[in-house]
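After this come two complexes, each holding chain A, first together with chain B and then together with chain C.
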Partner chain A sequence: MKVALLRLGLLAALLAVWELAGRAANPLLAVPPSAVVPALRDLLLLRSYPRLPASLWLTVREIGVAYALAVAAGLGCGFALGMNRLLGRAWGPMIAALYAVPAVVWYPSLMLFFGLDAASKIAFGFLLGFFPITLAVLAGVRQVNPHLVLVARAYGAGVVVVFFRVMLPSMLFTLVGGLRTGLALSVIGVVVGEILGSKDGMGALINHAYGLLRTGDYVALVLVTLLLVVGSDVLASGLERRARRWSE
Partner chain B sequence: MTAAGGALIAIESVAKRYVTSSGPVDALDNVSLSVAEGEFCTLIGPSGCGKSTLLGMLGGLVSPDRGRLLVAGGPVTGPDPRRVATVFQDAGLFPWRTALENVEFGLELQGVPAERRRRRAGELLGPLGLGGFAERYPRELSGGMKQRVAIGRALAIDAKILLMDEPFGALDEQTRVLMGEWLLDIWRRTRKTVIFVTHSLHEALFLSTRVAVMTARPGRIKSVLELTMEYPRSMESPEMVALRAKLWSEMREESLRAMQ
Partner chain C sequence: MAPGTMTTSRALQLATVLAGLALWELAARSAWVDPLFVPAPSAVARALAGNTGPVLAGLGDTLAKTAAAYVLSVVLGVSAGIAVGSLRLLRDVLSPYVIALYGMPKILVLPWIVLLLGYGTAPAVFYGALHGLFPILVLVMGAVRDVDRNLVTVARSLGATPWQLYWKVLLPAIVPSVLAGMRLGIVFCLLGVLVVEMFAGVRGMGYVMGSLANGFQAPELFAATALVSATSIAIVLGLDHVNDRLSRWRG
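Right, the complex of A and B next:
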């Protein structure tokens, strides 16, 4: 209850500051919240951007594909490196180092390679989501207590049972944390990719509004995109909470 | 003593060397021992003499460098939970499973239906003094309680051979005595073959049909004591007092060597 009040308080304060600053500044560059409301209404009624549903759906699909690829590759690489001591020692640190490189530097080459359509966005979302998932699996594998693996084997567990009954529960929390971070980064990758250069999707609409200095529309589009990001994160954090309850 | 004409467990000249980053460690050197069906055989010896290693070999988790181990006439090639159940030195409970679910673990792997294994596990918790703790997680249990859950997990699969590595090590003196009596009762009712590791002379003399004293590392069998007294045993009988003195002097020698 108190937490909710404090959150609302912060939001209200931010809105107030925004309103004041927006009214004081050049209306071409900044809009107060009071001006966003009509823009948002026009947007949602499909007056300003009739393409909105199609664009939103495209972005969601790109995110879905990018994230699915990131999860598959991240789990695959993570487990391969985690289970194989030599590979893990050799390549694990390299992956961690690559993760530290600001990923945007790869984007121009992705666009050259994959073109301006969905593929380059998916590739970028994949790239961003892949690293945290791989690294979480690597860290998780290291958390598994080898003695418990031995105990399970004594009671008849083979490789598959050890994996599902001992390894996964041991690393679940770390793994789910990595999957959550990966999702957030995949979403960012796709949207940033669209903003940096694309013909369609939420990022393209944002770019369009921004380029024409339709600042009210721009902010309204950003709000809709924000909803997408926050929504996916809420979903992921719900899953994380469940996993935590289960693994503790 | 032998039930079916041969020993149920035969350990023949096994040796084990661990290679570590700080050099090789000879844990066991030429250990031979055979245990007949229904025996309660205790291994006693100084810390680090390879008792856990020997149990690990019998459980199929550690392979010997030399020699061989036979269970029921066949060589041990890997874990065989239908025949051998192990209580590990540190309980080794799964932290994400409740006490009850930990006890159920082995049955689950054997594909016993949920309801039956739950009933079986539930029946074991009572005598282990864990009746009210079925739904607790290991982190909510004391050290002794964890150890008892581990005993329950081993008993649940009802294997013929029970390997127990200091199962009462984490218990207080009184509980230890009670648990010893309880184990004795189970052993006499089920006629399991038990190989038991302890540092307690009292436990060894009170429970075992045979006590094998091991030397300081590298572990060998120094001597084997046959105990023929009736159960339940009185620790004050002259026979017991004499045995105790004998066992004590043998162990003292090895413990002194192990300390050097």
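Right, the complex of A and C next:
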């Protein structure tokens, strides 16, 4: 209780300091909270950016496609490498090494291939989501106790039954964690791609507001985008909890 | 792992890379892919060899900014992590904010940072440090929280001063987490610096790569991408090596 009050108090104090300092300094650059509230109202009433619903929907679709591709490719690659010991040993470390490269180095090449439209954002979101999912599947397959698989097979369980009854439950923890990280990174990939250069989507609106020094609108757009980011993570953590309950 | 499997996987890794390069070269030469977008590896190598001056200057600039951002994020991350981690009330109040900021896509505040700090070096160092700070802070906070209470109690009852408690008990206990944070942090710092250079750069690799992409200079772009990736992998492997040596020394 006391901690919750202190948390709220800290937030309120920060907003108050920001408000006062922002007014005293340059309100256009510092964007005090009082300037954000009317901008947010105008944005949500579609007065400042009538394109908001269309742009938001485009960004959501880009994230959806990027994540679906990342899940499909990550599960495929992860299981292929996990089931084959030799390939897993050889290629697993290579994938892990590529994961150590700051992913944004690939973005200019993707922009060159796919242009400024949605395709380059989808490709970047896919790329960011792909690695954690693949590595999580790889780690998960290694967690499965081979004796359990052997015993199940000896008692006559088929490959499909072994997969769903033995392997999946014992690797679910790692797998679901990887899927959640993958979603977070796919979302970040699409947003980063849009801000680094795009014609439509939330990133394009943010850049438009920033370029015209409409800072109140800029902060309002950032808040709406943050809602999308937080919403996707809340959804993912809910699914994660359900999956974990199922595995226990 | 048996030495035999080790060499087999090394051989397989080498074979994969060579086969990939050969296939790529073949695809580009026989025009299965458009060389305007996917230049042959040989063209990339030529571009790298013929363009070393500006590319190395860009890389040096990026690495200098990354180093400054890294020092900032390690110093701030470790000291704030120790402070917040060891004071219970501070930790309880701040940790949800720290976790939220860690997970938030920082690119959303980048336009604002550029408005406040302008183009060039300052926003790159600031944004790079912002990127590197959170993984280090989160890891160190957790490590300080999880220091064995018995060790602290024993040291206290033997009459250790607070200073001795920090220096002799706490610091040695959190070293592995600090090192893990430093390994994560360097990639995050480099990422942050490159993003700023692409968004609002006037120099550096991110800027170079952005303009190469806009100019459709694919061989030069691929060469620059390969160079930055190789540098980053080398830095991380170097840190891993130092980590290994340190942990062997710690026993």
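Just so we're on the same page, the second predicted complex is superposed on the first by the 227 of 248 C-alpha atoms of A that agree within 3 Å, B and C clash if a C-alpha of one lies under 4 Å from a C-alpha of the other, contacts with A are read in each partner's own complex, and residues count from 1 in each chain.
To be clear about the criterion, a contact is a pair of C-beta atoms (placed from the backbone, for glycine too) under 8 Å apart; a residue touches a chain by one contact, two chains touch by 3 or more.
This is a predicted model, so every value here is computed, not measured.
A.B. asks: Based on the shared chain A superposition, would you classify chain B and chain C as clashing or fitting together?
C.D. replies: Because the two structures are overlaid on the shared chain, the partners are seen to fit without clashing.
A.B. asks: Please work out whether A:84 is in contact with chain B alone, chain C alone, both, or neither, and reply first, second, both or neither.
C.D. replies: neither
A.B. asks: Classify the contacts of A:143 with the two partner chains as first (chain B alone), second (chain C alone), both, or neither.
C.D. replies: In the superposed model, A:143 contacts neither chain B nor chain C.
A.B. asks: Under the stated touch criterion, which partner chain does A:237 make contact with: chain B (first), chain C (second), both, or neither?
C.D. replies: A:237 sits against neither chain B nor chain C.
A.B. asks: By residue count, which of the two partners contacts chain A more extensively, chain B or chain C?
C.D. replies: Of chain B and chain C, the partner in contact with more residues of chain A is C.
A.B. asks: Have a look at where A:161 lands relative to chain B and chain C in the superposition and call it first, second, both or neither.
C.D. replies: The first partner, chain B, only.
A.B. asks: In the superposed arrangement, which partner chain does A:153 touch: chain B (first), chain C (second), both, or neither?
C.D. replies: Only chain B is touched by A:153; chain C is not.
A.B. asks: Once chain A of both complexes is superposed, is A:206 in touch with chain B (first), chain C (second), both, or neither?
C.D. replies: In the superposition, A:206 contacts chain C only.
A.B. asks: Roughly what angle, nearest 10 degrees, sits at the C-alpha centre of chain A between those of chain B and chain C?
C.D. replies: Taking chain A as the apex, chain B and chain C sit 90 degrees apart.
A.B. asks: With the two complexes overlaid on chain A, what is the closest approach of chain B to chain C, counting only CA atoms, in Å?
C.D. replies: The answer for the closest chain B-chain C C-alpha pair is 7 Å.
A.B. asks: List the residues of chain A that touch chain B in one complex and chain C in the other.
C.D. replies: Dual-contact residues (chain A): none.
A.B. asks: Along chain A, where are the residues that touch chain B in the complex?
C.D. replies: Counting only chain A, the residues touching chain B are 147-148, 150-157, 161, 165-166, 169-170, 172, 246-248.
A.B. asks: Using the touch definition from the top, list the residues of chain A that touch chain C in their complex.
C.D. replies: Residue positions touching the partner: 3, 6-7, 10, 29, 31, 86-87, 89-91, 93-94, 97-98, 100-109, 111-113, 184, 187-188, 191-192, 195-196, 206-207, 210, 213, 215, 218-219, 222, 225-226, 229, 233.
A.B. asks: Sort out for me which residues of chain B touch chain A in the complex.
C.D. replies: Answer in residue numbers: 59-61, 79, 81-82, 84-86, 88, 90, 92, 94, 96, 105-106, 109-110, 137, 153, 157.
A.B. asks: Please name which positions on chain C make contact with chain A in the complex.
C.D. replies: Answer in residue numbers: 1, 5, 8-10, 12-13, 16, 37-38, 89, 92-94, 96-97, 103-105, 107-112, 115-116, 187-188, 190-191, 194-195, 198-199, 206, 209-210, 212-213, 216, 218, 221-222, 225, 228-229, 232-233, 236-237.
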